[in-house]
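Take this structure first; my questions come after.
Order of writing sets the labels: A, B, C, D and E. Residues in every chain begin at 1.
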């Protein structure tokens, strides 16, 4: 129902056998309702034609400014939000319109870790029950075996077994995030969306959690979609990185591509803006973009970044650049890519 | 019968000349609000009272239940069928227009007009059907004839005793000003502006304002034919019972309205102790009846047992603090037609129980006892009655209803035992008529040819003694068959501010024009 | 999760976060009760309520006289025989006060139980399913809430006839919309909470999500609203009694006992006729309000 | 804004229609009708029947409803069945007294509640706070009929400084002062419950606002603490109070029934009770309708006021 | 004594339901005019309380129990509230972390800006308004006249933070305390704000106390840095020294925890195990010993002092101070956790 620019997909995205999840022109719009009659007066185009694929075993980092639609992508993939267009395929299977019940078995394969360690755990349940509940619901464990599974999960995320009778509010932020990870692991998933899992944590704790995630991935062969708005964590954990701006992916490539050879001006701006923890670099040349991110309800015409782009030309105002890839698969959506 | 019967008003003749502008304002407290001032459709006692202050009837009832002439100078009859009425010569509407037989004719015509809503039923008059209306196509009432401007005759279908005539006609009908209303179609009469603002009237006071649920305001009728009132203004003030007591004390209210301005029993002591107020007990009051639906409570023995089980002395002595009496049915002992030979059943729970057992009453059966809200003493007495019944092992369930609901249940005989107060008038037919199958309000549902015959006889007999005999038998019948019995008769308290000179009590409104107020 | 893999993992990963200084694990109930017990007024209120319940429960044992029978002089002041005197038709005030406690508590709690249960279910479903169901429910609540409460209750009670049952039913009928809205509101916000999203993404079934993950969150405002609801039902019954539409005699309710005070003489000269019932209402409503207030603070997750 | 109001008014229609239907059903379920009430034993069944017929009481319910609705649309509320006065006039006369009393009570309640609530919040957990809280609970817990009677007893009967009831002194106009004098007690009674609830609300709202960052900002600018609370905090704290004031309207109307009854205040409440007692259907229906309109109108007004007061919220 | 601000061993306590907590325990530092001091540390370590102590905005429950704060040589610790109000907003002003909640939603930007100008600059009406518009322009807000009459909710986070800065700088304070001014903002906006602060610092010569937990921001902005842990200063040095040669194990841990954008990818990040001990329940000895990989017996028993190891590099660590007893670290049981 929603039109989107047809892009030279084939070139960009060889459909390799190891593609675990694939998005094709995914859009998720939130209706803006006004007044009491609640008539729809427009849409927040949170995700507006995103195509990418995630390969088995990799970590795809997703970065971008606040409100650009990162979480929405994550939630849409997990069908926590209904997409308004495009397609989500998991292991080659189109799951975009799966019913709730059809989706249920797939839930064991795909999981999510949330940003806010405070609100993501049910405050009225004990850790033990938080972890048991999904296993019992999917018949992954019986009442008899669940206890042992809980212990193993807790061990895996480094929470003492003796704490399993506690409630979420009795843990520190880092510990809660570990419990959230344990819960995500409880169904033995293949794919986990990590929605800014460390940004609410203190620096020293962030490292603990990042290390844990990395370790788990290695040991369990997990695939991650790792959402962050800071580049630091993404760089540490990702194999490939997608940069989003206003509901669109503007650049996608391997970690090295993005950090060594960014093609899109926005990626450069992002890299540049990141304050480097090295005082000797403070004098370096910097591109500071002016202005704020435009509203996703009313995105600019042409290239969405043109309003803030230091290199914008007339063409950028007129025409939306396609996401064009080079031979190595490093793609950028810019008329004047570097 | 057939002997001449004349009443004249001496006072009227002597005092009519004195006419001086009055002064002072008196306030009568009333608890039940009047709803309408329509002279020919007074819905309730309070409305009747409010109307009577500004609209005289031909005769008025005094506190001995005798009729005194008012608009009529005299009412005479030879044969108890044709009644000749002489109107007061000086009677004029308060706008100066002469009051004549034409006004009477107009009013009767309106009452008899099928399109007019009225609760006055003159079906005993010649020419009217059983509903008191003119038959289709007729315009004149054959039973009415104007002799001259101030004289007219009424002919009844059958001979009636003069009390009956007065009760149903002379004391009841109030008049409409023909000169104001003659252009109003009968169908529009109810809603005509006059009914909301009846400034033209013939009575002691004239209408000024009716602020609904607040007060009715009157001013002295300077041209009143019995002499201009001594007060300049009169208010009927609507308030709650506790407020009325409070306002008697604060002097905001000068007197309580008879029957519709009840002072609660619990306040008797307080009121009698007020230094600025004089209180007395009125000699007349209405019995409060316990009605049986005889179709459901079929056995007279059971009904009698229920009467005997009620500790009426307790109600009178303790609840009413002695201010009341025990009678058996519809009439108080002060009523001329009261059958004093009947000894009310004494309180005897054991006998009652025995009687019930004799009658084979199932003690497991629940008796639903319906009582109206609004009169606290009545509610309390009903609770005592229920308690008495429970005490002899009966199952009783009290159901309280607002008055309209209870009335509906009574009318449709949808109840077992209920409480109601039926106001009596000078003529006993008004209360006993409830007990014939022809009545729209045969609460008890009784249909005994013997009783019906007795009641009809009482109504139609022209001889007073014979009527009395008939009604005595009716009362005896009631005593034996107990379709109803009186819970109690309470003496009502009348209170009057010391600054008010004038008579209060049952006939207080008859002579308001003589009231005086000192500041 | 395959346990072998995890086993291998666990040894490497066991890392007791050093020195986690968290107080001994406390159940939510204990935590709430600890917070609640700090509020002296609330505790006093609770104790009062418990005592009241005990009185209601053991009424027959505590009543010196049968409450509906004439057992003394009329309107007699307190004496050794009748500690709180007798009422206007000679019944023992203390005994009636105790019976009335049963009735008033019944009115309060039964009303609330009914409307809270109903309103909660409606609110939960309305919010969870949304769409036209939600719109319809909201319009209906609009309608109910546009009725002036007391006016309509009066009309309805006078129509169906006042009895303990109808009063409870009518009060409940006109009270559920507020709870439904309250629940709907908190469910709508809870629906966005990450832990509910997590539950969905874990593939839990909808009823379980509502029951286990949404309902507990909506519970706190419900409980608080319910306590205040009890108080207001007791008050409304007393108002109806004043107008003669309350619980019917000879059954005693505090409301109809208090409406005896509708007389200057009683008010000024016979305090035993109204003071006990008045105090009972005031103290009970106060106590329940204090409990509600205490619960609100104790259940507040922000604290 | 205009379109917003228009849209809101449009939504009122189905709600009101629903209300009238429910209303009509409830009212007509009632046993007893005005004719039965006034039937005289002398009145024959035919007359009674004719009277019922004339009043349309024999029509099927839905016909009665349609008829009523039809006349309603022409702006005609019909005639009272007990007094034959036009209902519009009956009700019209009662609106002002109720509105004045209600407004007086509301204003009085807010005048009491706002300062007390604020003081109580500022002095949180002190004796003053406990005192205010206690008082507010008593305010909400005391049955208003009881309070009314007690006030009459104290101020009118014993001290004799205020009238016991009514809206004005009988005989003589009395003027404005007289009206105020008559209004004091009923307004206090009505205000007590509202004030009790509002104190708690203002307190809670103020406590919430006192935690806000922008107060710290104001303090860091060197703003005097007095202005921090009375300018920066107060306005924010009072905003939510606006919304709950609107919610008081139905309660106010309900409370008016008892209060007006006690004080003989000739308003909507008293008329309701009287009409109910006399089964005056047209009046009851009109009253309910008007009350519902008042409630809906109050809600709308609340929303408009709120959006006027809070720059963050714009309707329309 | 030409330091603008001297904080001398302040101890700030709060009365709470569970008794008194000491949030800031013996913090001392100085700040010269025009200098930028960065304060870093984990959440809850007392950064904000330190700054609020300077502003004396500790609320009813907080108080400075010990120590002295001197502004321009004047002791302001015991100053009357009225005198303190004179200082706030004019000599010292403050901006806060969350621009979304720091502006009063019911007053226009203009009135909130003018309020402080009228309070301290003794100007009124048009002059005040013009001054306010100038300030808005200075912080890079286009269309300042229109923004004056807007309410805060119409502005984006970055704009609001600019407004906050305009308010703070309106009366030309000598010291600006910025409590995590960019934490709530996006990186691109953060870069804008940091840029703005740098520019304004150059123009006005205002000293800045910059509180943050982002070492990158510190590296970008600060001249000198204080590292706080559990209510205490654990290390203080000029920014280059600190990043080149951190001495305190906590500082080292922090540095290791951040993934660097340049340089090689670490297999695992260094991390500090465990969490900060709660204020009510501080361990004896060095407060960091429970998480310190170098902790010795002495660290568990005796609290180390904050010692100047030369060139203003101050450290609170027995090991770093080369204490003989701590020379050979004996792992303490509770600190043996392997970092992951």
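Heads up, the rule we're going with is that a residue touches a chain if its C-beta (ideal position, glycine included) is under 8 Å from a C-beta of that chain, and two chains touch if they have at least 3 such contacts.
From a predicted model like this one, the values you see are computed outputs, not experimental measurements.
Touching chain C and chain E together: A, D. Note on connectivity: the fewest chain-to-chain touch steps from chain B to chain E number 2. The minimum number of touch steps linking chain A to chain C comes to 1.
With every chain reduced to the mean of its CA atoms, the largest distance from chain E is reached by B. By number of C-beta pairs in contact, C-D leads over the other of D-E and C-D. Here the CA centre of chain B is 38 Å from the CA centre of chain D. Averaging Cα coordinates per chain places chain A and chain D 54 Å apart. Centre-to-centre, using mean CA coordinates, chain B is 49 Å away from chain C. In terms of their C-alpha centroids, the spacing between chain A and chain E amounts to 32 Å. Of all residues in chain A, those that touch two or more other chains are 158, 172, 174-175, 212, 215. Among all residues of chain D, those that touch two or more other chains are 30-31, 149, 152-153, 157, 261, 276. Taken residue by residue, chain E touches two or more other chains at 273, 275, 340, whereas all remaining positions touch fewer. Chain D contributes residues 212-214, 216-225, 232, 235-236, 239, 309-312 to its touches with chain E in the complex. Those residues of chain E whose C-beta lies close enough to touch chain A in the complex are 42-43, 156-159, 186-192, 194-195, 213-222, 239-240, 243, 253-262, 265-266, 268-273, 275, 339-340.
Across the complex, chain D is touched by residues 55, 57, 81, 85-90, 93-94, 96, 98, 101-107, 112, 115-116, 119-120, 151, 153, 164, 167 of chain E.
By the touch rule above, chain C contacts chain B in their complex via residues 68-70, 73-75, 88-90, 158, 161-163, 244-245, 248-250, 262-270.
For chain A in complex with chain E, the residues that touch the partner chain are 65-66, 158, 172, 174-175, 202-208, 210-212, 214-215, 229-233, 235-236, 255, 259, 269-282, 286, 288-290, 292-293, 308.
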